[in-house]
Structure formats: C-alpha cells, structure tokens
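What follows is a group of structures, each given as structure tokens.
The two complexes that follow have chain A in common; it is paired with chain B in the first and with chain C in the second.
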Partner chain A sequence: MAEAAVANRDYPRVYGKVGSLHRERAWALRWAYVSLILASIIFLAPPFYMLVTSIKTNVEMADQSLNPWIVRNPTLEHYWAILSNPIFLTFFKNSIIVTILVVSVTMVISVLAAFALSRMRFWGSQVLATGVFLTYLVPDTLLFIPLYQIVGGLGLLNSIWGLVLVYPTLTVPFCTWIMIGYFASIPKELDEAALIDGATWPQMLTKIFIPVALPGIIAATIFAFTVSWAAFVYPTAFITRPDQMPLTIGIVSQLVRGDTFAWGQIMSGALIAALPPVVVYVFLMDYYIAGLTAGATKG
Partner chain B sequence: MAQVSLRKLVKEYEGGVQAVKGIDLDIEDEEFVVLVGPSGCGKSTTLRMIAGLEEITSGEIAIGGDVVNDIPPRDRDIAMVFQNYALYPHMSVYDNISFGLKLRGFTREEIKRRVDNAARILGIGELLERKPKALSGGQRQRVAMGRAIVRDPKVFLFDEPLSNLDAKLRVQMRTEIKQVHQTVRTTTVYVTHDQVEAMTLADRVVVMNHGVIEQVGPPNELYRNPATIFVAGFIGSPAMNMIPARLEQAGGGGLMVQLGEGLSVPVPEERTARYAPHANRDLLFGIRPEHLTEATRIDKQNLAPLTVKLDVIEPMGMETLVHFHIDGTSVCGRVDPAAGAEAGVRMALAAHMEHMHLIDKGSGKVL
Partner chain C sequence: MAPDGSAKAITQPVARGPRGRSPGVSSLERLARRRSSIAFLMTLPLILVIAGLVAYPAAWAIYLSTLNRRMRANIGFDNYLILLESESFRMIIWQSCFFAITAVLLKALIGFWLAHMLHHIPTRGQRKWRGMLLIPWVIPPALSTLGWWWMFDPSYSSINWIINVFGFPSVPWLGQPWWARISVIMVNVWYGAPFFMIMYLAALKSVPEQLYEAASIDGATSWQRLRFITLPMMQNIISITVLFSLIVTFANYDIVRVLTNGGPRDTTHLFATYAFQVGILSGNLPRGAAVSLFMLPILAVAAFFILRGVTRRTKEIA
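So, the complex of A and B:
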C-alpha cells in the first residue's frame, strides 16, 4: 500500500494531468470571456441604439440613406424637450412615490412574515410558507382582471394609490420567500442566545435577524424596486389619467400620438427612466458584496 | 448565586419520544455539576429545560428557590454557552459580550467595567474590537464565556462547550473553565458526553442514560463505587472489565469467584457478609484494568494470583496495557513497563480484590 502510494507520486502521468488541468482552465477562461463579451454585445446593443437615437436630430433620424448606428450632429434637444415638459416630471414623480412606498411596504411585510414563518412554530406555518410561494407563480397578466374589480370597487382606479395597493401582490410573496431562506440559514442558537441575553422578539428581529440577513434584505429590496419601477401591465390596466401615470406607461401614452412616434423623445425618456435602477444597482450591489464579506476581512 | 432543583422532570417531544423520564436532582449553591452520558440520553434536553428554551412536559424546576416553569429565559437570570458558540456575527467582541447588559439597561460605565473585568479573567483584552469571524475556536469559546460572565447570573449552563475544539485546546480550555468557576463561583450545570471532562471538572457528576439518572456523586465516588453496570462501564478509560463469573462457597465460610477456564479468585473477608446472599449465582465480576497488575508483591493482602496468556500488549510509556481472554471475554490489565509483558506469553498477574465488584446481570445493579 505505502509503496504503491510512493510509486504513484513520481508517476509522470500525474504531472501530465496537472498540466492538462492548467490547459483546461485556460480554455474554460477563454470561452468564458468570449461568451461574456458576446452576451454583453447582445444585451448592450438596444440601450446603445437608444442612446444613439436619442441624440440625433429628427432630420437625421428620418434619412434612410444614413447608417443608423452613427450620429453626425449630436444634439440634446430631445432631452431638453422631455425635461422641460411638466407632464414628464409628473410621471417621474409618480414612479418615485409609488416605488418608495411599495418597496417600504413590501420589505416591512415580508421581513415580518418571514420572521414569523421561519422562527415561530405555529399551527399551519409550513403550509402558509409554501402557499406564499405558490401565489408568486400566478402571473400578473392573469390577475389584472380580478384586481381591476377590486381596485375599482375601492374607487382607486386612475390613482397611484391603486398601484401602491396592487404592486405588493407581485413583490411580497417573492421577497418573503427570499427572506425565509435567509432567516432559516441563521443558526437557532443565535436566537436562543439572544433570548437568554434578554431580547424580546422584536429586539431579536431588529438587533440580530435584520443585521445578519442584510444581504438578503438588500437582494429583496432590489427585486421589489425593479418590479415596481418597471411594472407595465397593472398601470396600463388601471390608469388612464396622465397626471397619475408612472414613467413606464406615461412615455408610451404621451409620446405616441396616433401614428406619430416622437422617437427622439421616447428614447431619451426611456434612458432617463432607466437611470434610477442603474444607480440603485450600482450603489446597493457594492453594499451587498460588502455585507457578504464583512467580518471576513475586518480586524 | 443559587441552588437549582429538578423535581420529577419529564420531557416528551411531539411524536411521543420521552427524552427525559422524570428526573430528580438538587444542585447546591456554587456547585459545579456535570451531566454526562451517551448521545441521545437527554442531557441537552434537561439543560435546555433549565434554560427555559424547551417547554417542560411535567415536573418542576426551581432556581434559587423560585419555581421557574412559566418564566421566560430572559427572566430566569441564567447564562448559557453553546457548543457552536452562537456569537452574533455582525457584532464586535465587545458588543457581543455587552449585548445582554445593554438590553437590561446597564449604564455605559458599568458595562465597560464588567466587560473589562471579564476580558481580564479570560485574557481576551486585545480582541474586543474584532468580529467573531476573525477569532480562532478557542478565542470564540472565551468570548462566549465572557458573554456569560458579565451578566453575573445565578446559574451558568454549558452545553458541550469544548467539543468543537481540537484535543489539545480542549484540555487547556477545560482548565480555564475550572479556573473561571473558582474565581466567580457561580452555580454551574455543564453537559458533556466525555467522561474525562466530567471527572476533571465536576464537584458532582450526574450520569444519565435513556432519559434517567443512573447515579449522582463526586467523581472519585462514582469511579470507586459505581451503582449500576452502566456507570461501571461508562466511567473510566479503559473501561472496567466485566467477566461472567459464578460466586461459590469456599472452605472456612469464605467465598470464591469462579471465572471459568479453571481460574478462580477469593473474595476478601470484609466483603463476604455483603455477598453471601448471592452465593451460587451467575454474576458479572467487575474489576478495573489498574487492579489487574503484574504479580510482584503477591504476599500483599487481597492480591489474588491469576496467570494468563497475553494476546496483545500496548505500551503507553507510563504503563503497559495487556489484553487477554478469560473464557472468551476480552480483559485488560495495566502493568509496569518493566514487568516484561510480551504478547503470546503467559504472565503471572495479580487481581487487587479489595477493588472488585459483583454485578447482577438481570437488574444491572452493582451488589
């Protein structure tokens, strides 16, 4: 046995294998880069086209003989038109109000629900946890008809408050599901230590669970933000008054007049609308990664 | 500072598993009591009921004279150290230790005084700013103990606090726990499955098996006079030899233990009255390895000669373990390294009969 092990160690094929591992790794890396670059090109082409279009003059846009990917006389006129249009600022304001409220409501509900479902054993808590996830599987394209009845019954059609009411039906189940997973990964002894240290249930949540599960909370926040900022089906169904529209449908409804598409303004509006998610992602992603590695490097 | 008493304590988990089957135990003020027993015997369950983390099915727990059955953990004035330390990962060592004090509204100065005191006792003064992730296992264990010490509770509860540490550190931390107890003198209940840990730490050891208490007593008492076959086999390493035997009348009113293979050893005179009622019965003859030695001073009283063929010898340096068989039962003895023990060779051993035990096979009681 021992002899065989010694013999094996000097066996040249072992070295050969190490070499081929290196080579395999190099190949894998090369392929990874190639596919990442391809994916980036595919995903970045539409926003780039939007950018190019948004800084063209209307004349240049209409000229079929020119290469559509190149700008000759860049202009910011569409941006000025959009930003000086009060209705556009109203859309923006509506989107911000709706999103902030929805994210807040979602996080409060789903953190509390996940805490209860993952830690307080009560009759039916298992079934409830599964039920929460199942509701997430029902698509909004199916739900907007019955929800129209409900929102209408409450007199909230044509109001951003109707959106604040219905968006959480999309966000809460999934965020609760994420948070249940994060809370479940916190060892039970941690709550027990806190209980013995003298914490009440609310203190345990605010002083132990929320800080420890911060990466999960940020992931859930990003999800809720994305859903409510980009929601399209519900506002299309529930809102027809321009002063109550969020950006997503506002741009489409105000800048498309019959057959006339104000392409320059549509594109610049869409780009401005896409800016907040990018900012939020960049800011929270940094925070998210910092949260994951905190303590590992500190001290 | 307080006594802890358990009265007819029962724990039945959902599904009808009885983890603790009605135990009674009185723990004195300032006492260090160790619950020891094999895996699944209900040690942790008992400790967790004292802590208030597990509901009591029936019975009563009193801490410092007050029944605490319906009092939540935070109001029982206890502190607990867990096997996996359970440090709060997002807090510095200082915040971990002071968390309980902050929740209880201590002043900043008082908290600092207590944390510094605990840090001094445990030697973790330089670690106070670190996060738990940046600590070694032993350091984490100290922080967990610090969290218990600063509270100055009535009772310390430990659940296998050393089993995640390597062997060397375990021995070192064992000493430290004992030193801490001698400094703060808080009543302590300590759970372990390691009998060496139990023997070395405890004022009194509680041996549990299958949800009942087998025996309670000071370590040496348990070692010398086990009450049951379970305790006899559990305490001590290598374990006590138990050889099927028959107790027989000998000439002159004496008793003999027949071991089979023609081997027999005489019962010491002072034990004849105690064992006489069991004469002519099949029993187990129990004797610890250190009471089966080389036969050099055979003239000494109560040494019975026993010549056997050795199967295996294990030199340990300080002594040599010899293994042999009597009538198919494997037996272990401990001889002097210079006694010339050799595998496959017959050797004259001596049984120190004043340390013998006779065990009733049916009831498991030591006679």
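So, the complex of A and C:
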C-alpha cells in the first residue's frame, strides 16, 4: 500500500483512482488469505488424520456412524504398542545407523570435491561439474536394477551396508552441486590473502571455506539427512529381511498385513518415523528452504 | 559453478609460488604438492561415486537389457520389442505419460497460485504460512502415502465421509481404474505442489519491485503485470522447476507402490513400479532394466533443457 501512496503523490493523474486501487488491494488481500487457509486445510488434512487415527481406540475406529475426523476418547495405547515392538525399534536403529553413515560420507565427499571444483581448476574440472549436475538428474528408479546386481555381486543384499553403499548416489551429486555454488560465492580476495599468509590448501578449506560456507554446509547436511531417511526404492529392492530394514520399508511391508488391520499402530509408527525430518525442518526451516531452492537459483 | 578464467590467472602463480620449488624435495613430494594433483585427490571420492555407482550401473543397465531372462545369451532389442508388442505395456507407457504430465501441470499451477498468494500478504505472516504449507514435502512420501491409503480405505474412507456430508455418493477411490489414477495423481500433487510454491516464491522475490511500480504508473492491469513482468522474469525458474519435476514424477515409485501397487488390474503402474515388478519380483532382470530404460529418452531431453536453463541463469547472475 505504501508504494501506491508514493506513486499517487508523484503522479497526480492517478488520483481519481485511489479509492478503487485501495479497494482492489483489500480484496486481493482477503482473497489471498482465503486461498491460503483453504490450501493449508487440504495440505495438513492427511497428517492431521494420521494423528487422529493414531490416538483413537480400535472400537471407535470401527464405528462407522461416527465422524472419523475427531477423537472422543484419546488414547496412547498404539504408541506404547509400537514402541514396545522390538521389530519397530530395529527399523529405527537401522535407519539411524544408515542415515548417520550416509550423511557423514556424503558431506566429506562433497565438501572436498566442491572445494576442488570451485577453486582449484584442473583438467576436466568443468566437465566434472556438469557431470555432477547430470548425475543428480538420474533417478534412482533407473539404477536400482543394475545396482541390485552389483550389490548382490558384493554380497550386500539384505544388509544395511548395501544401503550405505548405494545411498550416496542420491545425496552426493546434489550436495556437491550446492556446495560448489556456496564456495564459488566466497570472494577470491579471501583465499588470496590466506595464500599470501602461507596457508596450505587444507588450512584454507578448514579455516576459511568451511566456516564461511557454514549455512551451505548445514543446508546440504539437512538435504542428505532427509533424503537418506526417506529413501524407499533401494531398501524395497535390496532388503527382504525384516531385521535389516530401515523405517520406511519396514513400516510399509511389515506393519501392513492384509488380514489384521492395525491402523492405529501403522499411523503411530508412520508418525514417529516422520518425526525426525519434521523436527529438523521446524528448527532449521531457513536452511532447509535454502537447500531446496539452491539447486536452481545458485549453481 | 567453477570460477571464470580470470580467477585462474590470479590464483595459479600465487599457489605455485612459495612451495614445491625448493631443492632437495623428492619428485613424489613435489607431485603431491602440485595443485592439480591435490585437486584430483580431493575429487577422487566423488569421481568414484559417479563412475562406480551411477555411470557404470547406467551402462550396465543398457547391456543388461539386451540379454535374455537367464542372462546367458544376447538377444539384441528383443526385450524392448516384446514390451512394445504387449498391450499392457503400451498402457503403462500411456499411464506414465498421463500421470506425469497431469501431475506436473497441476503442481505447477497450484504452486504458482500459492506462491502468488503468499507474496501478496504482509511479510511478517509469510514465514508462518510458508512453514505450514511446506509440511507435505517434509514428510517422507512413503509414510504420508500410508495416511492417504487409510483415507481412501473402501469402507472407512474419511474423504468419503466428507463427501457424504455434502450429499454425494461415496467414491471407490482405489477400486476403479480411473478413480485409482486420479487418486495417485492427487497424492503426488499434494506431495509436490509445496516444492513448486517454494521455488516460485523465491523467484517472485527476486523480481525488482520497481518494475511493478513502473507498470502500475503506466496503468497496467494485474493481468498485464503478470503477463509482461512476472512471467518473463520467472521464465527460467519456471522451466527448470517444471522439467526437474517432470523427471522426478516420471520416475516416481513410492506413491504408486504404497497406494495401489499397480492395481486395479495393472492400470496405475508406472515405468518404475512395473520395472520393479518385472525385474525384482518376477526375477526377469533384463526385461525390468528394459522397462526402466524407457524413461531414458524423456529424461535425456528434460536434462538437456535443464542444463541449458541453469547455465543461462548462471551467466545472468555472474
């Protein structure tokens, strides 16, 4: 509204329209809020319904005369049941091990490579940077069949180590790509100053690049974490033994059993499994979004 | 991306200057201190990941798809021909294209709309709304699809309950081919629209406010402002996002796997889920590889244009 006022003062010929402009803006704002409220209701309905289901008793769930969207007698029984289920805890443990290993490996590989690619030009570095981006565009569903054979050939089918081996294909290209962008935005004067002071390349990386590009590193770490936590295609293809399954495929294949529909437990399990990425998102939203948009706006 | 030529000219002599030339240093040590060798060592893990886990498997998939079921004999393009001759696979091609194109268009439109609405409201409130609207993107899709599956349940569907309240008959969400197709698209749009919203919001924020001021002084209508300022300024981001999403949506696996598992009567299968069924579940790896390679031409075209868009954008920023 402030801009409109300025414009009107400088250009008197629009004066006559002030009222209509103002009214138009008020309507646009109202319309914006209506759209946003509607979208939020639709976007949040599924997680809300999952939550509602997870705290309902089985009796209440089975009663079709009741409104399914509200809970009358909230209960935590499904959460206790799922949290005392040893197989669910195994899924959780597997997810944590795989994710921590994959995130660490990814960050070491991509920070080192991005530093070299953005600062130390060498033969083929330009081609490699483009190659990194192209690899990011290769979807996992194109690779899982040949990787099935490769992982099988290494004897790592049905093992979380097979997942630790192949997950970097999901995380490394994108993390390297956004780290190249962050490193390239650091002014060259900084490394020149460091070089004149006699800093070595490793010192430059640890003393200048990593601290200055910390927001980028956090964004890349969050990306690697969410991707390896949510990965679904590879574990579905490579793992059939329940004790080696991570959460996603574990819940989908082991808790969902055609005959006994334990919806309360499925939903509470899914919500607990979705919690880590959601918590990370809530606390580090700006980094999360920076990482999300960096792919196209930086680089 | 990598720095431009001028940076090379500045850093090179400085980097080589004080080190590596002193007498008495062995040639191996000198090699280790050379900038390009250090750089190569630093990128080696990346090269290994790309070569060993992406490039090699991709090439292997192409070779694999020319073998017979037992992987003993090379049968040329027979796997592709057999697939193309089967009625059911032609339907899967059609369904994959229908699914990807419809879902991407809807995601782009909804994302664009929401980004605009978010951009309209006062800046203070934007953070809160943006945070809420991005939730579908944050939940691992395999898990949120379980929630949708329960919402689509034939006898306990909570969506049908709402529909019934308004006096309409229940919908057989996952039971009939067309409703199942719509359901799968709905879940994909629900999951992916927030991503478009965030990308477009970032792009909207980068359009200089002066352009709009100048346009409203010239008496431009809101449609004209959209058509002649917003869309041209966002053109590049829009195309990059759409193409990127096209790749991801074409290659989608988890939503269909959890929601319908290809049913009813294989009408909701996509390339990825069908490749999984043929390759892993039925054990015909070569033909499964052939199925997933049908995605390659679409991916290659999209990747080409994305790369062009990103390069152009990099030049704009530089």
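One rule holds for everything that comes next: the second predicted complex is superposed on the first by the 240 of 299 C-alpha atoms of A that agree within 3 Å, B and C clash if a C-alpha of one lies under 4 Å from a C-alpha of the other, contacts with A are read in each partner's own complex, and residues count from 1 in each chain.
Keep this in mind: a contact is a pair of C-beta atoms (placed from the backbone, for glycine too) under 8 Å apart; a residue touches a chain by one contact, two chains touch by 3 or more.
Because the structure is a prediction, the values reported are computed rather than measured.
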Next item on the list: Identify the partner contact of A:176: answer first if only chain B is touched, second if only chain C is, both if each is, neither if none is.
Entry: second
Next item on the list: Could you say whether A:193 touches chain B, chain C, both of them, or neither, answering first, second, both or neither?
Entry: first
Note to self: In this superposition, which partner touches a larger number of chain A residues, chain B or chain C?
What the structure shows: C
Note to self: On the A-aligned overlay, A:161 touches which partner chain: chain B = first, chain C = second, or both, or neither?
What the structure shows: neither
Notebook entry, point to check: Looking at the overlay, what does A:144 touch: chain B (first), chain C (second), both, or neither?
Noted result: second
Check: Touching A:211, do we find chain B (first), chain C (second), both, or neither?
Finding: first
Note to self: Let me test your reading of the model: by the given contact rule, A:46 touches which partner, first (chain B), second (chain C), both or neither?
What the structure shows: second
Margin query: Going by the contact definition given at the top, which residues of chain A touch chain B in one complex and chain C in the other?
Written below: 192, 195-196, 198, 200, 295-296, 299
Margin query: Please output the residues of chain B touching chain A within their complex, sorted ascending.
Written below: 51-53, 72-74, 78-80, 82-84, 86, 88-90, 99-100, 103-104, 129-134, 147, 151
Note to self: With touch defined as at the start, can you tell me which chain A residues reach chain C in the complex?
What the structure shows: 3-4, 6-7, 11, 14, 28-29, 31-33, 35-36, 39-40, 42-44, 46-47, 49-50, 53, 61, 64, 67-69, 108-110, 112-113, 115-123, 125-126, 128-135, 137-150, 165-166, 168-169, 172-173, 176, 180-181, 184, 188, 191-192, 195-196, 198, 200-201, 226, 229-230, 232-233, 236-237, 248-249, 251-252, 256, 263, 266-267, 270-271, 273-274, 277-278, 281-282, 285, 288-289, 292-293, 295-297, 299
Notebook entry, point to check: chain B touches which residues of chain A in the complex?
Noted result: 187, 189-190, 192-200, 203, 207-208, 211-212, 214, 294-296, 298-299
Item checked: chain A contact footprint on chain C (complex, rising order) -> 1-3, 7-8, 10-11, 14-15, 18-19, 35-36, 38-40, 42-43, 45-47, 49-50, 53-58, 60-61, 64, 110, 113-114, 116-118, 120-121, 127, 129-136, 138-144, 146-148, 150-151, 155-156, 158, 161-162, 190, 193-195, 198-199, 202-203, 206, 209, 212-213, 216-217, 219, 222, 237, 240-241, 244, 247-248, 250-254, 257-258, 271-272, 275-276, 279-280, 285, 288-289, 292-293, 295-296, 299, 302-303, 306-307, 310, 313-314
